[in-house]
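Pasting a structure here, questions to come.
The letters A, B and C name the chains in turn, as written, and every chain counts its residues from 1.
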Amino acid sequence: MIQRDIQIDESGRLRHFLTTEGVKRQLLTEILDHAENFTAVGNRSIKKVPLLRGSTIANLFFEPSTRTRTTFELAAKRLSADVLNININSSATTKGESLLDMLRNLEAMHCDMFIVRHAQSGAAHFIARHVAPHIRVINAGDGSHAHPTQAMLDMFTIRRHKGAFADLRIAIVGDIMHSRVARSQIHALTTLGVQEVRVIGPQTLLPRKVENLGVHVYHDLPAGLADVDVIIMLRLQRERMTGALIPSEREYFELYGLTPEKLAFAKPDAIVMHPGPINRGVEISSEVADGPQSVILEQVSNGIAIRMAIMSIIMGNRFGDMGEQS
Amino acid sequence: MKLRIHGGRVIDPANGIDMIADLCIEGGRITSVGVTPEGFSADREIDASGSIVCPGLVDLQARLREPGQSHKGNIDTETTAAAAGGVTTLCCPPDTDPVTDTPAVANLIRELAELCGRTRVLPIGAITPGLRGEQICEMVILSQAGCIAFSNAEHPISNTEVLRRAMEYAASHDLTLLLRPQDPWLATAGCAHEGAVSTRLGLPGIPEFAETLEVARLLTLVDRTGARTHIGPLSTARAVQMIGRAQFDGLPVSASVAIPHLHLTEMDISDFNSQCHLRPPLRTQRDQEGLRQGLAKGVVTAICSDHQPHDVDAKLAPFAATEPGASGLETLLPLSLRLSDQGIVALPDLIATLTCYPARILGIPSGTLSHGASANICIFDPEQYWTVGPETLLSYGHNTPFLGWELKGRVTHTLLEGRLVHELNG
Amino acid sequence: MSELDVTGLLGEISSRLKHYLQQRRIDKPLMIGIHTGGVWIAQRLHHDLKLEDPLGTLNIAFYRDDFTRIGVHPQVKPSRLPVTVENRHIILVDDVLQTGRTVRAALNEIFDYGRPASVALVVLVDRSGRELPIEPTITGMHLELDANQQIKLEGPEPFRLVRLEREIPAIKP
């Protein structure tokens, strides 16, 4: 059976934003261009534009995340939308039934867009497939699957520093296996046509057949960092340290922690990124995190513009649809 | 009651029969295959011209959800589905609630099934009480209560000493074990084949060697204990190879595969389709080919439905949070027929894997059209197309990856002990 | 279709604008052009008037009132207001004034940057079809056009005012 990509509408535009996988280069570039404009809005005294006045956006967070929720909330408010924050204790919604019930309730409140964060991979797809047709869904992170807005803000940060993508070598370091950010970054980077994406980590933190995603695998940090333009450090979740994935924080930092000495293997003008929140002394040393090559704080502020861009593109596409229908 | 089925192509692999023939039934038994004996006057005639007449199917693994999970189905609904699928004998695993670890539960299942009277239900007894994997059940008493074989269903027997004793005990009392090969440590956290697709989707994986490791453990123990062991359903090509070698070495081991794994692969979950959330997981194209090869070479001698009806909600959640399993009794035959259409297995051999071979695994004389055998018969129109959907399925569970597929081949009549228990549009 | 003398019109606008500023005793106005045609014209006027403060540009895409019908415009250049508008005399420049909705959006955006002392509106062409009570301060020329006629500035080198006949699309409710 032919499966239609549910995040793309009949005219090839974004209906939902669930993953960067399969999104055409032109659409990704369009998001980045729009974000550029919204950055300018963020520098004004009144940081608000009336684009989404009258729309209601619901933040559905089944997994706690103050940071991501706040940037989505701020982005929505700067577009003049009304924002509903709903934090759901995931234990109360382990049954699919109550999850769908909740969606029906929110639909009845005339929400226009759901921002979804969930611990299960595929949750945003599931919700997108079951919501009423006028509702748009943005994935704010589902399990280990995707975190497309984070990946896009990283693309935006890279472009601001490096210009074109074509000649770039990018290294993603750490727990690729459990990282939705890494997956979304890899899809976006390969679509945007970078020269090389490398993943660096022990076999225990790399998913099987990760090379099928179009990346080169390194187990050795200095070797993997040679000649790279961008280094993306991933957060090592504390709970990973209890299993058999890595022996200890100390050994992990020894092998994969980014220190000034390790950073020296990359190009001299390489930038260092991290989706945050950072574990100082586990995956990155403070000298690097706060150093001149770090763009970590910039990533955070770019997050608002990129989310404004994505929300307004998707809502604009939706309004376009409705105009055609009426 | 005398019955005559005339004009059909009779395929009875156990007796090497494949011809246009008439079949006479009297007193619930087959009295003749071929020319109708003189003086036989039927009370009812079934015109089977253009159809295939074969033994009723024998399904090694189908869940009826009773007792314990009546919101997903019950013996009444699921035996109706079985009859509609041409299945006249089925084994139900012991993971009922309560577990089939006492004669009372085994008797209850058999009696309820007899009351419904649509298909013969053979309970499989638990190997360990409560399926906890700690001690062994009263297997002999359970077998006297009608348990045809023993299994621990989806639950592991992690303690190899317990498994070894269970096998020795089964061997000394000539009991059959049906074991599912899955290493619990490697498999419990996963919900999809560990490979390119699970990596893309960020789903926790179940590696191929979760199956082969357990097959290796089982084969070693079969070799040492001599227990008659059936391993299945299989999902990997390598496990098929390992079992093929063990069979060559003379081990009393047989293998089966569930029908979805012969048609689907890991690619089918790529849009988080929860209908394709199965256990064992759908694996690679290479594995699918390996399973088909195993079937063609006779290493795998049975195809089962692995029928697992679910309520609607069980599949309405993000992929990993859904319950694994597919409803399969009614699609077992047409999906199997595809394999002969695709030239993988000749039709008579295919029918054998659905009838006399699984019967042989269980050690029962079913699955044949021999003279004097109980008249369990399936008649199907091999050319009839039908679409899988809520309108056509009789099972309580409409959860199937084949929803919307147009399948070729449909059961028109099912006879259990000479009684018509299913008639399409009848 | 007739070509219009844009350069001549611009010269005339320049001198009237100088006069206006003198009359109002505005010595340091802040000029802002609306993308895209308005910016071209503003660049010329900015040069002619030898203004000190850099030219501001506005992209009103985020303020359009037809977002709910057409969505976001695929290629928008960001607004750039290099100096504060707070308490300044603004000269807002656009090429063609028709419905008045673009100017309405531009005013809203300017007010999101701060509170100007005054705003004057300069347009090259004031054509018929107003839908809002907005009138230009200085106009190059006035044109009476039917609803299906469109006038468009092409440029910037050389400037050309092009008049088009177009199919009127079915009006959406």
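In this section, contacts are C-beta pairs under 8 Å (C-beta built on N, C-alpha and C of every residue); 3 or more make two chains touch, one makes a residue touch a chain.
Since we're looking at a predicted model, the values are computed, not measured.
For chain A, the chain with the farthest CA centroid is B.
Every chain gets a centre from its CA atoms, and the centre nearest the mean of all protein CA atoms is that of A. Averaged C-alpha coordinates put the centre of chain A at 39 Å from the centre of chain C. If you average the Cα atoms of chain B and of chain C, the two centres end up 77 Å apart. With centres set at the average Cα position, the gap from chain A to chain B is 44 Å.
In chain B, no position touches at least two other chains. Across the complex, chain A is touched by residues 194-196, 198-205, 207, 270-273, 313-322, 404-405 of chain B. By the touch criterion given at the top, residues 1, 3, 6, 21, 94-97, 99-100, 118, 120-123, 125-126, 130, 142-146, 180, 183, 207-210, 212-213 of chain A touch chain B in their complex. Within the complex formed with chain A, the residues of chain C that make contact are 59, 61-63, 67-72, 74-80, 108-109, 112-114, 172-173.
Remark: chain A residues 30, 33-34, 36-37, 39-41, 44-46, 48-51, 312-313, 315-320, 322-323, 326 touch chain C in the complex.
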